[in-house]
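Naming follows writing order (A, B, C and D), and every chain is counted from residue 1.
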Amino acid sequence: MNANAFWHFLTLQLFKERSKHLSVIVISAMILFLLSSVLFISSSIRFSLEETLKVQPDFVVSRVQGGISVPTPMIWEDELIDIYGVSNVIQRVYGRYFFKAKERSFLIVGVDFLEEQSHENLQKLIAKTDIKAFLNGSKMLVGEGVKTYLDAHFYKDDYNFLTPEGTFEKVNIFKTLPFQSNLIANDMMVMPIDLARKILGYSEEEVSDITFNVPNPDEWDMMTDKVSALHYDLQVVNKKDVQKSYENLYNYKGGLFLILFLVVLSTFTLILYQRYSMVYSSERRNIGLLRALGWSINDVLKFKFTETLVIVFASYILGVFFAYVYVFVLGAPLLKEVFLGGQNLQNTLTFVPVLDFSVLTSIFLIYALPFIAAVLIPVWRVSVTEPKEAML
Amino acid sequence: MIKPFVAFAVLLVILLFSMSLHYGLFPYSKATKTMQEMTALTHMTHLSLSVGYDESVYNSTYPEMTALGRMDFVYER
Amino acid sequence: MKKLLPLLVIFVIISIIAIIFVSMAKDTQPITVVKNNIQMKALPIKVNFTNDSYCKMLITTKRNSLQVVAPDGKTWFFDDPGCMILWLEDKSFKEDAKIWVYTIDTDKWIDAKTAWYGVKDKTAMQYGFGAREHKIEDTIDFSEMQLRMLRGENLANPKIRKKLLGT
Amino acid sequence: MNEVLLSNQIIVFLLSESTLFILLLVAFVVSLKVLVKWDFESFMPFQFALERQAYLVSTIILFVFVMKFILVVYFIFSIDALSLLLPGAMCGAGVIKANVYGSYLLVLKLSILFLLTLWFYIHYYDMRTKNHQWFKHKSWLFSLIFVFIVLELGLDFSYFSNIDTHLPVSCCSALFGQLEGANPLPFGLSVSLLLVLFYLLYILVILSLKSGYTLLYILTNILFVYIAYYAVVYFFGTYVYQLPTHKCPFCMLQAEYAYVGYLLWASLFMGTYIGLSDAISTLWLGKTDPKSKNIVVWLLSLFVLLCTAYVAVYYLRNGVLL
């Protein structure tokens, strides 16, 4: 048969019967929208984290007692520096500070601004910062979420921290961190390391943990072994473990969703099967006519199959498009809380768009395959209609 | 192909095109660089989960029970 | 061209067969397992030409190497008592196997189950169990060594290493 | 619950495999019935009903045929993504070897693809005869495929549910450098002889294809795939990675190497599938398709050229070989 005539007839038929197909397309697009949104969010967060992990220190060393991290003595830093192959040994001081009255919390991160490297990093992060002004007096940088929250609670320019000793520490808000970093810095307060120690109640000789780099990845296993032999209560974690736990976290979220989604999907498949059986049985007469006109069974099969494919692709594009707009343009209101939580500070972030082979194929497979599988048997049943049906 | 279908197909192509346009024009380097600089400054990749931290690690009512809203089985806690 | 084609095909086939046969003739693979050792004796070991069956490494020294002989005469070789224990754990002939170990104090093959093992020796895979014929201070017997190996209480665990060696 | 089973790709993959299986089960039951009662000479209404049902079987298999190809690529992609979760794994190689089922599963998948291609060929010829001359052939072949697919589904589930994410697996360098001091190549070949054999076999494949020695061609092509696998892993791969010690058939599937592995392996396997299917249908049905032969020559030449190009480009750029 002429390809042009075939398509002409196919599309004519599609539009003539559009009311039959429209509901299927709408429902499919809705299901696809939900599915794609979830997968888009999780792959976007995963992508962003992988990018930032690239610059994260390779190893973190901390003292662990009873499974809980406790303040790590600073002397360990010197022991680490002495190990051959270790570079960039850096102490970290951080912890959560609770805004008790309203049950919200912030993450306080201390940075050693006396270091040359920190200056450069800060300069890069916030252009046109006067570092001298920042270091002069107690000042901090806050994430967007923190800023919004403090503004709403009458702390426009500064915040009074209550230290564990019972003294008040007034810290000025210097600047807000750029919004692109909201995924990781929304609830952060960045301040000089000594100030952070005071507020979090660390003594001069204590840090939260110590990080270091090992430039040669082949030495990582050996280094883990060597460092963990330094002290009995020392725990060493490397970047791969972190990467793995992030991967697990998002697999867990996405996986649970998908498993629940299977219920929806199987219902959808059953409905499709029923619906198409019904729709096609009303079409028997038409098909019988076509057969009487000389169409072979193969022609009819091809015709019906192409019709299904058009519907599958149309709803696929529609569903994915709306999900894309919802997640990457609108920032996935409501749904993002499944992934990021919504009990603490409001996070208004833009997701970095990620459309890779894996996500798009996953969406296609989980939707199109059951769809076509459900429609196959009804399609066949109507295609083998005898020409004599046309006479009935 | 009949005209309404062509129109529909063109619409779909436009949707795809606008999607890829947004995808292509998104300032990736700006977004990732900011996050990388943030990490370089604080030496940590900390996902800003908005969880009630009081209950995230320990269930405050029954300490033996793990919390329901536990999201941070990440190493930092 | 038409006439040349069959000749060409035959020529190529012959060269392929020749290459395969020449290579097969001089095939020299290291020993991994020896069969038909029915008497369950300790076999002479070819150093640098025998692979450990667990860690797949070449056995570079006779000292502290082992042989496991199954009742059907199959013999496997190991470079460290630790490797042997880990390998043997899921085998069906675990109880009936005859195990030979080359001692580091008397330099001969003895039954591994009667040997005494040091806990902080230098061994091929750094598990630290060196086999001795005579009992000296701080040595443990076979079953204790087996237990410690399976529990992971050996020098490969950094915390245990710190406890025993101080580093 | 096993972390692997929560991975999105694995869920999607297992779901797709199961859906296809249900379809195939329907097809298999129908096909058995048709096969037993089939009598083309009969003019009973029952025979016409059977002929109609045969359409269902072939439609389902054609659908499965297309999907299986997509799924194998997806499978390999997911395996690669899993390497993040397993300690020690750098690429798919470690994940495949994470338990005993992995390698069998991969080989089984590749064989199923071959059988499906063969089925497609027979179906193609069968549809062009008036009396469905080869209907029984293709039905028996389908029964065989179905047995394989049952096995595959079982292996799919046992493979993914038995991956222990806490047990360290070997990374590819340990797997393919295996056995210190031992020669990993078949027949005790050295790398230079392996290469000579590789190119000779390629020439023989082309010659036997052109001159129509079908049986010789089948044997040569099977041997060629076998040798080509080793040649890529132990020689050409090192040029893809530009590192003499990196020997792995899986790492080249990753983004760092521009996914060249997919092109490389696809051209080799597709070429072989098409070639062998055509050759077998020549021997079995006496039907041959001259177009397929050209496609085979193109695909295999693409494979050999691509391999050679990596070495050549490296040599031109650096002036030395690895």
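Here is the rule we go by: a contact is a pair of C-beta atoms (placed from the backbone, for glycine too) under 8 Å apart; a residue touches a chain by one contact, two chains touch by 3 or more.
Note that the structure is a prediction, hence the values are computed from the model and not measured.
Judged by contacting C-beta pairs, the busier of the interfaces A-D and A-B is A-B. Here the CA centre of chain A is 34 Å from the CA centre of chain D. Chain B has its Cα centroid 3 Å from the Cα centroid of chain A.
Centre-to-centre spacing of chain C and chain D amounts to 36 Å, using the average Cα coordinate of each chain.
The geometric centre of chain B is 51 Å away from that of chain C, both derived from CA atoms. In chain C, no residue touches two or more other chains. Contact topology of the protein chains: irregular, matching none of line, ring, star or complete. Interchain contacts (touch definition given at top) occur between A-B, A-C, A-D, C-D. Residues of chain A touching chain B in their complex: 7-8, 11-12, 14-15, 45, 48-49, 51-57, 60, 69, 90, 92, 94, 96, 98, 103, 105, 107, 109, 111, 118, 121-122, 124-125, 143, 145, 177-178, 180-188, 190, 211, 237, 241-242, 245-246, 248-249, 314, 317-318, 320-321, 324, 328-329, 337, 340-347, 350, 352-353, 355. Interface residues of chain A facing chain D in the complex, by the touch rule stated above, are 39, 42, 240, 243-244, 247-248, 251-252, 254-256, 258-259, 262, 297-298, 301, 305, 357-358, 361-362, 365-366, 369-370, 372-373, 376-377, 379-380, 383-384. Contact residues of chain D toward chain A in the complex are 3, 5-9, 11-13, 15-16, 19-20, 22-23, 26, 52, 55-56, 59-60, 63, 67, 70-71, 74, 77-78, 81, 84-85, 87, 127.
By the touch criterion stated above, chain A contacts chain C in their complex at residues 225-226, 228-232. Only residues 5-6, 8-9, 12-13, 15-16, 19-20, 22-24, 26-30, 32, 48-49, 51, 56-58 of chain C touch chain D when the two sit together in their complex.
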